[in-house]
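Take a look at the following structure, please.
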Amino acid sequence: MVMPDPLDLYRRMLQIRNTEEQLARAYRNGEIMGACHTYVGQEAVAVGVCAHLTPQDAVFSTHRGHGHALAKGVPAQAVAAELFGRATGTSRGRGGSMHLFAPEVGMMGTTGIVGPNILQATGAAYAFQLLEKDEVAVAFFGDGAVNNGAFHEGINLAAIWGLPVLFVCENNLYATEIAFAYAAGNPEVATRATTYGLPGEAIDGNDVMQVCKAAGAMIERARQGGGPSLLECRTYRTRAHAEGMPEAGYRSQEEVDAWKHKDPIACHRAYLLNRDLATSDSLDEWEAASVQAAVDAMEFARTSPWPDPATATSNVYAET
Amino acid sequence: MDDTAPVLSFTEAARAGLTEEMERDPSIFVVGEGIGPRGGNFNTTLGLYERFGPRRIRDTPISERGFVGMCTGAAMVGARPVVDFMFLDFILDAFGELVNQTAKIQYMSNGRIAMPMVLRGCIGVGGSAATHHSGNYYPFFAHQPGFRVVAPSTPHDAKGLLKTAIRSNDPVLFLEHKLLMATRGPVPTAEYLEPIGRAKVKTVGDDATVVAVGAMVQRTMDAISTLEENGLHIEVVDLVSIAPLDIPTILESVAKTGRLLIVDEDYAPCGIGAEICVRIVEEGFDFLDAPVARLNGAYAPIPYSPPLEKALVPSSENIASAILDLLAQ
Amino acid sequence: MDDTAPVLSFTEAARAGLTEEMERDPSIFVVGEGIGPRGGNFNTTLGLYERFGPRRIRDTPISERGFVGMCTGAAMVGARPVVDFMFLDFILDAFGELVNQTAKIQYMSNGRIAMPMVLRGCIGVGGSAATHHSGNYYPFFAHQPGFRVVAPSTPHDAKGLLKTAIRSNDPVLFLEHKLLMATRGPVPTAEYLEPIGRAKVKTVGDDATVVAVGAMVQRTMDAISTLEENGLHIEVVDLVSIAPLDIPTILESVAKTGRLLIVDEDYAPCGIGAEICVRIVEEGFDFLDAPVARLNGAYAPIPYSPPLEKALVPSSENIASAILDLLAQ
Amino acid sequence: MVMPDPLDLYRRMLQIRNTEEQLARAYRNGEIMGACHTYVGQEAVAVGVCAHLTPQDAVFSTHRGHGHALAKGVPAQAVAAELFGRATGTSRGRGGSMHLFAPEVGMMGTTGIVGPNILQATGAAYAFQLLEKDEVAVAFFGDGAVNNGAFHEGINLAAIWGLPVLFVCENNLYATEIAFAYAAGNPEVATRATTYGLPGEAIDGNDVMQVCKAAGAMIERARQGGGPSLLECRTYRTRAHAEGMPEAGYRSQEEVDAWKHKDPIACHRAYLLNRDLATSDSLDEWEAASVQAAVDAMEFARTSPWPDPATATSNVYAET
């Protein structure tokens, strides 16, 4: 397994963070509608996993999918434009935050329904095995999806047929405000792998290097015909469940602050500096460039045309 | 209607009805995601967790099939579950339980097992909720024997119908359109129940009958206000009950007007408008001076972008011109 | 039709079509319970496991939601799954996947992701299969945008339509009525495809039009044979395609006869008969000399006991008298 | 926990076996229609579990439910009449083999769909807890249901709320002809309990005394507020999946014969004789009486009236 350049991982996490900070602002301005779930605090997971994927590998994401889309290589402009509802968006404004599709880079969708993406990733892996391709599929999902039947059925199917798929559970402790410790009879996810007969591992999801190592090994294993794995990334979302939602007092300020001190970008910055892989000046420059790119992406979206209402019913069927 | 009655929002009225029933009957409990301390994504249970405690106001994991099947079993032994789906779209993951179990057990047990169960959720297009949070789905439940389905359009009916739904021994879908939840209206303080299966005539007229469902009722009222200035008298019927349908009320109106338009945000094919049309054709063909007309949402998944979303749903302008087309026939 | 063509059963014809397509295209695979070495509960895949191996003819656990969601993902990256439900009743556990994912992804991806997927299963009332193995359900899929739905009534159409369904880039429901599976008829050996969306006129007549679905087609043919002896000429239309509907063919017939009866074993409310009625009313009101009539299965879950089961489904006697009632109007 | 009288257990197993042998014959004669799944070989499970239940306790069964219904106290005549489709059946002929309802004795149904009964038993237990009753609920299900989302969601809900329900998995190694070892990533069921945080135990499901002990302890625990448990009973069906189905060569004759040697009734007979709890004469007498009762039940069914077609649409709704 080749480990990706730690600097690239840093740049990618910055891109996600800064793009989402801008998206959050745009939401407050009323430029983004519907529900907008940010990935702030969890960037290390998407970046560490997707660093090992080719554009032909297939990612199936959740309602909290901006980070997965960006990490998989969807341009920030296209993501921003989609959330602004513009014709230049990934789905020309049809989808919005929870329906990001960019098959040209293997981003096979985010979903507004919890669960289905686990099954679809299993299916993409089925197709890759059937058609004897080298590609792998990845499903990202939250702790909330673990109590859903889709988790149980999808992982079992992947296990019995040895499919090339990686199941990445981003355990951020809550499903909206419902604690996983309340919703699940067992607070662990990775150990459930034994129930399905596949390898499982729990890691610090805020440490991008750790994510990268664990995911890299599991993806390589899948690519070489070794079958599926379950990776539990322990992480935390530091913003509200969705933009504009109050923090209804389901978690303590201490808990939030403790996790903010474990911010994946700050931690990785320290890692780079400690190992003299970068200077703080260069990292500050990237930061500034990243912010500017994010601002530009918003401007691109803001100035893009609205979709033509006459197109509202196209593509319902392939044959039309 | 009593004008001295306090004015409540649709959601407040429904919550008042739920609270009254839960006070009355300790076998009633509510399950759903975020309905506990948070009080529901749409405030459907605000304050009720503190009042009734965790066993009667129960936050659930994301296990729609699980808790619907669970509530089916609870109803079979005498409890009265209310399932709060937040968005009704999530009910589809429990469709097998509902169609093959909840709807059939009264019949298969020869009426020895009752199925008192309320299934409530937010429906409809609006606010760029996009395709996974904008569904209507009611024709599915109107087609399958065993369900009752109501879609109130006023706070008054929301309260009265939710109370009736909770007291019913049949599974009842109680549908709350996202654009109606914040609308306000008078709600009597004295207890009352609204019957399931009755439509309501909102305005009397003899030029044409327009049957509207849910959020389309107010939109139709807006549409006819302009027409009335031109001396047209339209009879608007709020369908209220989707299953069973109140055909007598519609038939009576059509007997007078000879013309019928059904305005329904939901998809046309095999929809509620089709069923109303065929019933009127079967029972009142000779009343019809013109073909029955339907005005529905366009036949496509619901998009996110406002101009696209808007293009799919009947506007008051669309409704007005559909009425004029009908009158021109 | 070619009388020298070999005679096959409905199931043999469909299997021949499946085999031809699988020979042609290695991206086609079948999943289901008992479809492997056993060859399918209804012999839908008999001999195909030996021919195509376990990856293309895949026995599954009892995970309907799981393998439907899986096949949706497989289709998204270029495979062509065929889901064999054995009894279609089991599809309901996957309804959320089908309505919110399978049916919507082409649209939500702006047509950049295709959804070539066939969903096949046994439908209908018969043989005391009882309420969990007798469903029809097709109006659900006709209401929701994104699906194609066919219900062939002959071996010839079964083969031609299954081949077309497999080649389609849309999700197609291929419905096989349990009373038709063993029926036999000529099936050309030369390759052919039947188009989705076309109804078939079975008998020409000008007294009335009867549109029949699936197993009701033969029963209607039986019914009119008695009427013809009395000099009545009924035009029987085999609907074949439930979504999309072939309205032009039906309209052309009604233009001639002025009378329409729809015979459908499935429940009436928001059913396929309602949709056909409203379409004809919308597009051919002036052709109608009498109200459109429906004859449906009774509105109840399907019971087990033969006398009860029989009582719920239209018989050829019921059909004949429904036609006479229509002519008397 | 009071252990039931071993002689009663024997009598009950005999009743199930002989009733089903007669039902199988009636099926061959065409007197029973549709699908008929016998319980032959698994009688110890239903009998050992139901011995601890009151008529108010709720049992939710499967497509293979004749044994559960009889063990729960549904009269053999009513079961036979239902399968004969007669007005004297449990549901007046509406249900047949897969839809047996007798709420008056707590038999809350068999089902033609795999899975739902697990959820319904969880729900009955929810109601018992809510209404502060002493009753418990029991779900019987096969190994095939273990791979279904209903198993995952239902057991988790029961575990997190400590509901008084017993989950009894009758692992007979096959779902129709599909081996559990093929269909599941992990061939064990009881050990999955740890995934949901409830107690689990695997036992010899052909030993009625063992079933009785294990189930008794778990039921008592549930009754006393100790919450749910998962009991895996390793057993085997010695007849075809359904009457009239060929044995498609998915299992070897040796395997079938080996299990026939472990027949639960023969084993329990030996147990009774070894401990001088009965004489072979008395057991032979019971056997004869049991066969006669089964034959009488068929005759009752055979001579019962058919339901009135005019009733075919009643009870679809409560309010009609």
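All chains are identified by letter, namely A, B, C and D, in their written order; residue positions are counted from 1 within each chain.
Basically, a residue touches a chain if its C-beta (ideal position, glycine included) is under 8 Å from a C-beta of that chain, and two chains touch if they have at least 3 such contacts.
Computed from a predicted model, the values in this text were never measured in an experiment.
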When I count C-beta pairs in contact, which pair ends up with more: C-D or B-D?
B-D
Between subunit B and subunit A, distance of the C-alpha-averaged centres to the nearest whole Å:
36
What is the distance in Å between the mean C-alpha positions of subunit B and subunit D?
41
I'd like the Å distance between the centres of subunit A and subunit D, where a centre is the mean of that chain's Cα atoms.
46
Subunit D residues touching 2+ other chains are 92, 94-95, 99, 111-113, 115, 147-150, 152-153, 156, 160, 182-184, 316
Considering subunit B alone, which of its residues make contact with at least two other chains?
60-61, 63-66, 89-90, 93, 96, 100, 107-108, 131-132, 145-146, 299-301, 303
What graph shape do the protein chains here make by touch: line, ring, star, complete or other?
complete
Contact residues on subunit A for subunit B in the complex?
33-35, 85-86, 89, 92-96, 98-99, 111-115, 144-145, 147-149, 175-178, 182-184, 248-250, 306-313, 316
For the subunit C and subunit A complex, residues of the former touching the latter
26-27, 29, 55-56, 58, 60-61, 63, 65-79, 81, 96-97, 100-101, 105-116, 145-146, 148, 168-170
Subunit D - residues contacting subunit A, complex
147-153, 155-156, 159-160, 182-186, 191-192, 194-198
Which part of subunit C faces subunit B closely enough to touch in the complex?
64-65, 89-90, 92-96, 99-100, 103-104, 107-108, 131-132, 135, 139-140, 142-146, 243, 267, 269-275, 277-278, 281-282, 285, 290-294, 299-301, 303
Interface with subunit A, subunit B side, in the complex: residues 33-34, 37-38, 59-66, 89-90, 93, 127-133, 298-301, 303-308, 310-312
